[in-house]
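Just below sit the structures, each encoded as C-alpha cells.
There are two complexes below, and they share chain A, which is joined by chain B in the first and by chain C in the second.
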Partner chain A sequence: MPPIRDAMSAFELFQPASVGDALGILDRHGADAWVMAGGMDTFDWLKDRIKKPKVVVDLGMVDELRGIKDAAGGLEIGATTTLTTVANNPLVKERFPLLAEAALIVASPQIRNQGTVGGNISQDARCWYYRAGWPCYRAGGNICYADTPTAVNREHAIFNADRCVAVNPSDTAPALVALDAEFVIKRGSAERVVPAREFFIGPGIDITRLTVLQPGDLLTAIRIPATWAGKAHYFEKVRDRMVWDFALVNIAASLNMSGATISDARMVVNGVAAEPYRLDAVEAAIKGRPRDKATAEMAADLAVQGAVPLRHNAYKIPLVKALVKRAIRGEAEWATS
Partner chain B sequence: MGQNDGMAGAVERLITLDVNGQQRRVDVLKNETLAMTLRYKLGLTGTKLGCDRAECGACTVLVDDVPRYACSVLTHSVRGKKIQSIEGLAAPDGTLHPVQQAVVEGQGFQCAFCMPGFVMATVGFLKTNPAPTRAQLAHGISGNLCRCADYNKILDCMMVAADKSRGA
Partner chain C sequence: MGNLVSWARSPWGDSVLTHISWDLFWASLIGGLLFLVAHGGYMLFSQHHKRDSSEVDRMEADRKGLPANVLRHGFVARMFHWVMAFSMLTLLLTAFLPIVGVQFAWVQWHWMAGILLTASIMFHIVHATFVLDFWSIWVGPKDIPEFKAEMMREVGIDAPGPKPGKYPLGNRLYHLAVVVAGLSVIVTGILMMWRVRTGLVERNPYMLTDSTWGITYVVHGLMGVGFVGLVIAHIYFALRPEKLWVTKSMIFGTITRRQYLEHHDPDRWVAESKSGSNVG
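Right, the complex of A and B next:
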C-alpha cells in the first residue's frame, strides 16, 4: 500500500448533472463545499490533508460546462473544457494561437487530458510553505515563511508582493488577460461577468485567494472577444523541466499592427506576482513603434521597473526582460507577424 | 448517505465499472482513486502506484481511450466510461497488443516498473497520432518517468510499436 498520508480524508461527494443542480448544492453547503473540475489542483490539497472539505462537488458530469463555440468572431469556452481540447481546437489555434500554445505546455499530457481551463486559471498558489499547511498569511496566519532570511524563495514574486510573496502559477491566465477575456460566474440564480483583470486579485485585495471566486460561486465559461483574433500573438514559458513544471516566468502578448508599427498591445507576465502581471507601461510605450531592437530594449527596461527581488529570485528580472524582448521581436516561428 | 438521500447529484457507493470490457460491480468510497480501486478492489495490480501525485505516470490507464493518471481520478467520476488497464491490452487468445509486442522484442525497459504506464500512454497517444515523428512521440509520452532513465531505448521500442500498430 502507498503511504497512508496520500489517502484523502472522507468527504461527501456530489456529481450534479447540470449547472442548476451544482449551484443548488453549492448554495446549500456554502464554505463546506469544494468545487472540483479536473481535480489536478484538488488532489494535492486533499492527499496532503491540508484541506479537508466536508463536501466535494465534482463537475465532471455537467456536459453543459464543456465545449468551445464561436461568439461573434470571438470564442466562448466552457469552464471544464480540458486543456487538451483547448490546445487542439481549430478555432482556438486559428484565432488565438497564444492560448492554444499556453494550454499545450501546461504540465504533462495526462494532466492536460484531465485538467480544465477553468481549473487552470482558478488554481491556488504553489508556494510550498503554504501548500505544506504552514499558518502563513495566505492561510490566514500572520507571517510569510517564504520571505525570511533563510527561506527558499527561488520561485516567488518580484512584483507587488504584500506580506505574501506567492505567485499565480497559471499558463492560460496570462494568455486570457492578454486577450481581454471575461469570466462568467454564476451564483444561485445570479450571473456576473468579470473582466480577466478583475478576476485575478493580489494580496492587497484578499490575501487568501488568487481570484474573486468565493464559496457558492461557479465559474461556468470564459468569453474571449474578437478584438485580438488573428492579431500578432506571442507566448513563451520558461521552466526547469520541459514537462510537469510550472513556469518560472511566462509571457503572453497580443499585438495589433498597423503596417510596421504597433497600434495597440497587451503584454502579461505570470509567475512574478500574485496575479498575472500586466505590463501597462510597456503597452503604452510601444504604441506607434516598430517591432525592432530599439523598441524591445526600451520595453525590457520599462517592464522590470519596480521589481523587488527576494534572496533567491533576482534571476527573474533578466528573465522578464529577455521574454519581453522576444515577445516584441516575435522570435518564435508561430508568431503571426 | 443519510440526509443526502435522493438529492440531485448524490452518489451511491455500489457502482458498476466498465473495466477491460467487463462490467465489474464494486463498492467504492467517495474519496477513492481509480488506482486504488483497480489494484486493491479489482486485483488489477498491473497499474502501478509510483508517486500517487500525478507526477510519474506509472498509474496511466485509458479512460474512453484517453491516457489519465489513475492515482488522480476519483473512481466515481469514471462511472459509465470505458476503462482500460494494462491487463486489458492483449487479445482474449493471449496475442499481445502491438505496443506490448514491440516492448518484448526490443527489451525497452530495465526494471520495468514504469512499463505498464508507458505502454498505456503510448497506446493512447497512437490513437490520436498513429504515425508520429520521434519528437512527437517523445512529447506525447512525456508524462511518464523512467527512473532507470532508459528513455532512448523506450522511444526506440515505441517507434517500432507505432509501425506495428499501423500494420507497417
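Right, the complex of A and C next:
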C-alpha cells in the first residue's frame, strides 16, 4: 500500500519545558512515546503513517538541552543544539573543526537550521524498503527486502550486515566517534554516559534499532573530551547530489601527529554499515608511519578487508579506499583528482 | 492465537505471519518453573517406591551372572547426549538471552550450534537404528499396562504390572516430545539458513512464499520456546536426588546391579556388562 502522505495519525502532544518534565512523560508513556527534537526524521515517519505513536514529546521548549559550553578543554553540546549552531560555533570550529565540517555538510541550510545534533545522530535508517513500511527485519518482520537477488541496494551496507543491510545515514556520528565523544543519556532519575562507539549498534545486536536508546531514554548532551582538540583532521562526504543528500560514504578522521609521524588516529566511515564503522586495523597500522602515499595505499587496502558488497553497491569498496587514502594524505578530492 | 503470533502486511498486500510473540517465551519459562514447584511438592507426598529389597535380593540370587555394573549408556551414546546438550543449551542461550536483555551478535552462534545439533541428531538416528535397541525408547499401546502399573505405584499400591525396560515411561514420553520439537526446529532452522549469510548456502529469501516463511518462523519459534520448558524439566529430573543414579550413568555409562534390579524389568531389558556382552 503506498504511504499516505501529509496526514498524520492522531497523537497526544507534550511540550515539556524541562528535562525533568520530559523524562517524567517518557517514563509514563514508555514505548508509546516518540521523542521529537527538530522533527526532521519524525515527520517523515508520522506523515507516511509508518510510525503511529500515541504520544509525541516535543523537546523544542527545553532550553537546557540547547547550547555549547566549555568542559575542561573539551565541549559539552546540548542534544537539541541545531546543526547550524554546531557548524558555526567558534569553540567547535577552533577545537573540533572535524565536527563543524561534518555538521555544515548535513542536508540543506533549512534543515540544518531546524535539525539538531542529537537528532542527526539518533535518526533512523534510510533504507526505502524499511521507510516504505514493508515488514522487514528492522520493522519487526523476518526478511530483508534490500538483500534479495532483485533488490535495489546501491546505498546499503558492505560491512557487518547481519540479516539487515541498512546503513547509518548520519554525517555527525562518524565525526563524534572519531573524536571519542560520549553521549549523556537520562532515564528517570538515572544518568549514564555511553562512549560514542558503543552508542551505535548493528543489526547483530539489535536489528530494530540503530542506537542503544530505549523507550524512556533521553539523549541530553554530547561530551567531547579535549583529547583531539586542535589535532589534524579530515572529513569528506560523497553523495549523489552535492546540494542536498545523504552520504553514500563519508569519512571522519582525527590524527595526532608527532612531527611527520602519525602517533595516534581515529578513522571512521559511515554509510557502509548500520553503525559508524571504525577502521581499527587501519588505526593500528598507520601509527608510527608518515602521512604519505605509501601509508595511504597500505591503509586503503586494509580498510576494505571483510567488505561484502551487495548486487549494486560494490562501488563502495573503491570509494572507501579512495576516502581512506585522502584522509591519510590530508588531500581533498579536488587535490588528488 | 490473536496476540500469540505476529502478523504483517506483505508488499503484495497479503496478511502473513511473521513470528511468535515473545510472551510465549516467558510463558514457557514460567510454566517450566511452575512444573518444578508442583512436581517437587508432589514428590514430598509421593508413595512411589522402587522394587522391594527382599525381592531384589531374591532376583539377585537367581541371576548370579549379572555383572556388578550394568552398562546403561555406551560411550558413543553418552558422547552424543552431551554434544546434543551443549548444542541445545547454546541454541537456547543465543536465542533467548537477547530477549531477556543480554544483547550480543547471536545469529552466527545460533546457526553454528544448529548445525552441530543437526549433525548430532543425524548421527543419533543412524546409531540408534543400527546399533542401539531402536524400539526401547518409543511409546505405544503396548505400554498401557506399564502405565497403569506405574500409576498404581504412584499412589502406594504395589502393583504387579510390568516394570520399565531400559527407559521409564516418563523418559520415553519426554523423548517423544523432544523428537517432535527437535525435528521441527531442525527442519525450519535449516530452511532459515537461506535467509541469513552463512557461507554454506546461497541466500535465497524468495525460496518460499511469504506465507510459508511465516509458518516456518512461527513453528521454529513455538518449538524453540517449547524447548525452554522441556530443558528445564530435563535438568530438574537429572538433578533430583532419586534420579542421580540415572544422571551418573549418562556420565560414567553404568548403573549398579541392584539399581538395575530395583528399577527395571530384566526380561524387558537384558543387561550388558561394560564390555558389551549380554549377561544374566
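As a working rule, the second predicted complex is superposed on the first by the 327 of 337 C-alpha atoms of A that agree within 3 Å, B and C clash if a C-alpha of one lies under 4 Å from a C-alpha of the other, contacts with A are read in each partner's own complex, and residues count from 1 in each chain.
Everything below uses one rule, namely that a contact is a pair of C-beta atoms (placed from the backbone, for glycine too) under 8 Å apart; a residue touches a chain by one contact, two chains touch by 3 or more.
Owing to the predicted nature of the structure, the values given are computational and were not obtained by experimental measurement.
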Contacts of A:73 with chain B and chain C, given as first, second, both or neither: neither
First, second, both or neither for A:108, with chain B first and chain C second: first
Chain B versus chain C as contact partner of A:318, first or second or both or neither: neither
Which superposed partner A:134 touches (first chain B, second chain C, both, neither): second
Comparing the two partners chain B and chain C, which touches a greater set of residues in chain A: B
Contacts of A:204 with chain B and chain C, given as first, second, both or neither: second
Chain B/chain C common contact set on chain A: 1
Complex interface listing, chain B residues touching chain A: 4, 7-11, 29-31, 33, 40, 49, 52-55, 57, 60, 66-69, 72-74, 76-77, 121, 125, 139-143
Contacting residues of chain A [partner chain C, same complex]: 1, 134-135, 139-145, 147-149, 161-163, 201-202, 204-206, 308
Residue numbers on chain C that touch chain A, as the complex places them: 6, 8-11, 13, 16, 18-19, 98, 103-108, 195-197, 203-206, 210, 213-214, 217
Parts of chain A lying in touch with chain B, wherever the complex brings them together: 1-3, 6-17, 21-22, 24-25, 36, 39-40, 43-44, 46-47, 56-58, 60-61, 84, 107-111, 113-114, 242-244
